[in-house]
């Protein structure tokens, strides 16, 4: 029987909380996680894992929504000046900030993978006393950037699980893989790791997330189903400026096109195949009050219960933007900058995780799988694993979340970190701990 | 010196008023003026004019907005049963209801043409006592059809002028032409007569209209300028029906296209080259409350101070409709069903008419030429005459007009008919009365 | 043990098919079912039922979408001239065409109610040979009106079940009620019967429908859940006409308001609480091409998975129409002309019907309850029954349906009529057949 | 006879060109002309004029579109560090940057006023060799700010005319007033000076502008008519954010309101009373791709041939924005940030200026008054002067203008400065030079 010593768990948990707070101080947006990723790579290397970073495990062309050169350079500079690991950073130049750590036990057995995301959000963190990171001094040091979705905790849990499994190495069979993913926000990063083939041989796949709608500390939800498939799109209309008083007719009005597009996109029909969502989140247009607007940029997203609904929305969105451009005599450019399919957890793995959760210390309630109503591009990995016959399981670890994910007062109850470390370690041990175990049929 | 006997004028005026009332009882919409035109053709023939009707003077392909077979057949039947002249009607089958009467004096001289329009409007005539046609028994006998723009008076004046000039034939030189035009409403008819070449050799062109904004009886306005050029368009969107509850996504929504088109058309930019107008006058769409609308039909018009502005509006309208169709995934068909250019009266002819008006009995005020703010496709004829070096003059003959043109209570003070007959006859006599006169250089 | 003689069933089935064909020839739109309802009332009276019609069981103010006086009068005339029963028609003047027939056994027992709808659709029936009603001579005799949803069969089944139960009267306990409902199309009629209290004491409620998406003859589906709640709305914008060339600014453009409303309604947000639907089915606007449109009328509907979603849609629709009117400076009138809540069948009654179906002759397959994706205002009755502690069950009886419900070639395989009669009769017998049975607790 | 010495003109012209280049290097946006205004105030004081600045001649509440505190403070700092005059700057704190200089001759006579505007535009000046300010080293030193409309030349001409008139003081009667106006761009500044009463007693008012559509060097146009009246408006919609995937229905979408507003504003009807213009120049909305947009800000303008048309547009814009807000359930705030009425030059003063221009050195062509198709809030001053019985004249002084006003390559041929100085000085001398002259009746 393989068990994990309580002392080991206690020690790595203390370190993980410290790690999380360090990451919280230094949040990094998608594709710029130079400090976060390079330091985690170094930590996992120290813990005895074989670590890869950058291009080999991050297909460049499959990355979506990569920031411009200037933003990348500025983030690179910040990471360099604030403790980023130069060796690993070198492999990540240009924004290939994925990290994959592998523990090859040398014994035959299944391939088990865990995924942790690392990026922060463009939100200004709260400053009030009631917000613990502010009160206790680990508030974000970057104005306008914040870990408001718990990815700091995810990364810290990932590294900590690496340390625990490293200690248990002699009891494990098969291959264990820890994936640290960039750019989950905007569902921009997973596809590049999938495209690099990292998931192709995975038998068991686990993906934890701290917090879920009203999930208390001590509760966990093994399994989530019905993630909304989603696509993120950037739309630009380009027209011709003209003086609005002297010769308005010589302009080609990009804002008129944008207004038709906004109404047209929100007016895309509901679909009998499932729920859908459309949101034009931002619009910036125009060059001056008295100038016919020569430009308009929109950021929007569509979501659907399944890939068929998403495909419908995507095709309609294409049509709406072409038509809106035509109406105003301007040109349109529509770029896909994020994508996540729908995917479901595998019942057998969900059952296995649930069963282990029942006997995990600190877990007081194991709840039923939920219908997710948001998106996480872990689904791109789950989908690939499922296609290849493997089993995937998404996992919520309960914690209060301040005023909610993606708000300036988001925070976690850090005890959830220890729970996550223990549960995930035990699941891997259960899967890979029997040295005679084979891959699932 | 050529003068017109008061006795002759008195007699034809009495007949003209009778004629006008007869026409008022039997109004006929554009391209269905079978009764009106055939009887006028017969009257002018009796008066000694050489009369042509139908295809030779009405280019079929240049007609716009011709009603469907059923409506033509019904109007034909009505005309036949209510005194239409069979001989002339035969030449007008299918809706070529133009009439051109020619008086060739046999003496060299200018070609002088007068144009009178004949069609009525789809308006239900008022029934109240205060409305004279109702009170005196010559209200329209056709529900929903009414002479609410005075074309009954125009036709009657035209025939009466024919009678007067016939009597004066020996004093005239050159060629006189009376043009009875169908389908002025919607600016649909003039182009077909122009296309048939009827205006190509005209030296002097006159076009009267009874009534103008607040023009009292006894006033005339020789000359109008700045008619808004206009185009009338019929737009149809064709999509695909679907059950709105069961599978809305399988529909292609023509009403969504129409809504975008309505807003897009009204949103066409103002033009620095002059005033413009856009109006989507009617929209009919849909097949049932719970069915994705598979069809939408719009009738709209654009107008501009000049042909450049009109061309801009027309091109934009084309673009808007194509774009709106694309947005909703439906097809669009855009048909031009009416057109009139902008045109101006010729100062020399205006001056000549004004001078004769000063000495015409019953005319108490000769007013300055006005900027027209409506459209009349007489401009297509004026434009052709001007292009060929001739002189054109539009002419308003004052009369009260009830609650205005195109209203159910429109009516005229019939004394304006006599004024019109006398003035027009005197103008022709002035132009053609000198048997030695040549065409203008 | 109570059984139904095969001979009786065979006889009433033959008559029911004849009845259905008679109704198919004489389709009547909602609230004008004077002939259908009066004759059915007479038939049920003959069969020994106590029959009520008109106002007492049809709350006038709760009727929605009642046609205008003229249409009512015309339908009344038609019914009178084509065999409508004068006695019963008298009770239905003004369009209160509901019929409720009661069989009071005199023995204590549950109240069991069955609902059948009677109205036809504004569809022109197909004329081709391949369409059996055309081939066999019972095609609709009313141009533009057709039984394209099987309500002719429903009514015929209802009367036939009445005959069967009448014969079994001595074996029954409690009260049986047959409800013949007007105006199901547009979900306009059920509310008035509910408001009259007809469902208040019902313990068991059954509602059959012939045909369902790809349901073969011989199949039945006891139970349907998740009917989309729906609201049908008529919207009118009233503005001010003006000449589009002379003074467009003095108009108040109702079509502009309508265009904004169409886009605004379709742009109402999706709801996280369930599926929704929006459809503006028809729009008619305008008074002429060159007139600023003074009027626009829209017929639209919203649907939702549940009453909360429907309530949201309804509130938003109100807001959109007020805003659109304000934008164009016109007034808006929004009238609710149809409504059906969401409702679900009761598992116990579904189970009971399924069990009886298994042993019913001609039924070869008993399928699982389906998620309905359309609406039927039977749900208003189901909701009332459920609120009062009773059990409701919706029931699909399989048949091919030509090219689908609400199409010109809709038709049924008439053998489904016999199946419906037998199954419904057996269900009632099962519920009310035990003379000692009490109402459900 | 009063003449102006060529030597004096030559000298002030050289200084004026130097002054213009200095201003070109240090452009200042509206209400932040601290350096420009304070130095001009000092120069005019040195030249012997009585100078007022700030609040007494700049009604604070009538200022429109004043920048926020931060922008004012930054501009104040820049002016202080780059040669702004501290004494005069002190009077302009908070952005009251108007200057009025008065020359009271002590002799009875008319009040003559000249207006020069001072502000620059938010445009990045061209850097290419072909652009003289770049080539000769007086390109703007402020990124994103540029004198691209010639107000640097206007200010320089104003001060130079002050010097000339000061020298001629003994030959003058009445009162001369030089007005240096802030914030002409956006038509934001004139109203505050009018409100302060500065124009109330003016008999003659002159307002020069360098350059006009294709006006060559040496040409001048005395008189402009038909300035489009204009209003500049800032519109903000405020709604409620919500997660676009989790609960879109709980958002109140400000961008939907903005899209309806854009289409609604551009769809405001044309007006039979004259030309109009509508332009929504800029729109910024939204908080993130996956967030229901809680905010949207629009900057737009309307223009009309006359104040009636402008009033119509303004009233409609109010209605459209209220309606659009209502449609989306958000609130709207509409603020007028700029305004200029329509106004015309006085024929008598135009004639006088034209006559003097004929005999002014360097002027080779005196052109006919033009219909302006842009806006200049000098019209607010012209309107006030006209209301009080005075005469106003707008005056174009020809020069090539690079690629046009408001473009990055705008430049002037500086010889126009000398022409402007001489012509304006001569006009004032003509008006005020006769010491016995009285005010106009």
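In order of appearance the chains are A, B, C and D, and numbering begins at 1 in each one.
One rule holds for everything that comes next: a contact is a pair of C-beta atoms (placed from the backbone, for glycine too) under 8 Å apart; a residue touches a chain by one contact, two chains touch by 3 or more.
Because the structure is a prediction, the values reported are computed rather than measured.
J.: Among all other chains, pick the one whose mean CA position is farthest from the mean CA position of chain C.
T.: The chain farthest from chain C, judged by C-alpha centres, is D.
J.: Between A-D and C-D, which chain pair is linked by more C-beta pairs in contact?
T.: By number of C-beta pairs in contact, A-D is the larger.
J.: What whole-Å value do you get for the distance between chain A and chain D if each is reduced to the mean of its CA atoms?
T.: That gives a centre separation of 52 Å.
J.: Provide the C-alpha centroid distance between chain B and chain D, rounded to the nearest whole angstrom.
T.: 49
J.: Centroid from C-alpha atoms only, then distance chain C to chain D, rounded to Å. What do you get?
T.: 69
J.: Mind pulling the chain B residues that touch 2 or more other chains?
T.: If we look for residues of chain B contacting two or more partner chains, we find 246, 248, 256, 260, 263-264, 266-267, 269-270, 272, 277, 292, 373.
J.: In the complex of these two chains, what residues of chain C are touching chain A?
T.: 263-264, 266-267, 269-270, 272, 274-278, 373
J.: What residues of chain A sit close enough to touch chain B in their complex?
T.: 246-249, 251, 253, 256, 260, 263-264, 267, 269-273, 292, 312, 316, 319-320, 322-329
J.: For chain C, which residues count as touching chain B in their complex?
T.: Those in contact with chain B are residues 122, 186, 213, 228, 230, 232, 243-246, 248, 255-256, 258-260, 262-263, 266, 277, 279-293, 296, 299-301, 303, 373-375, 406.
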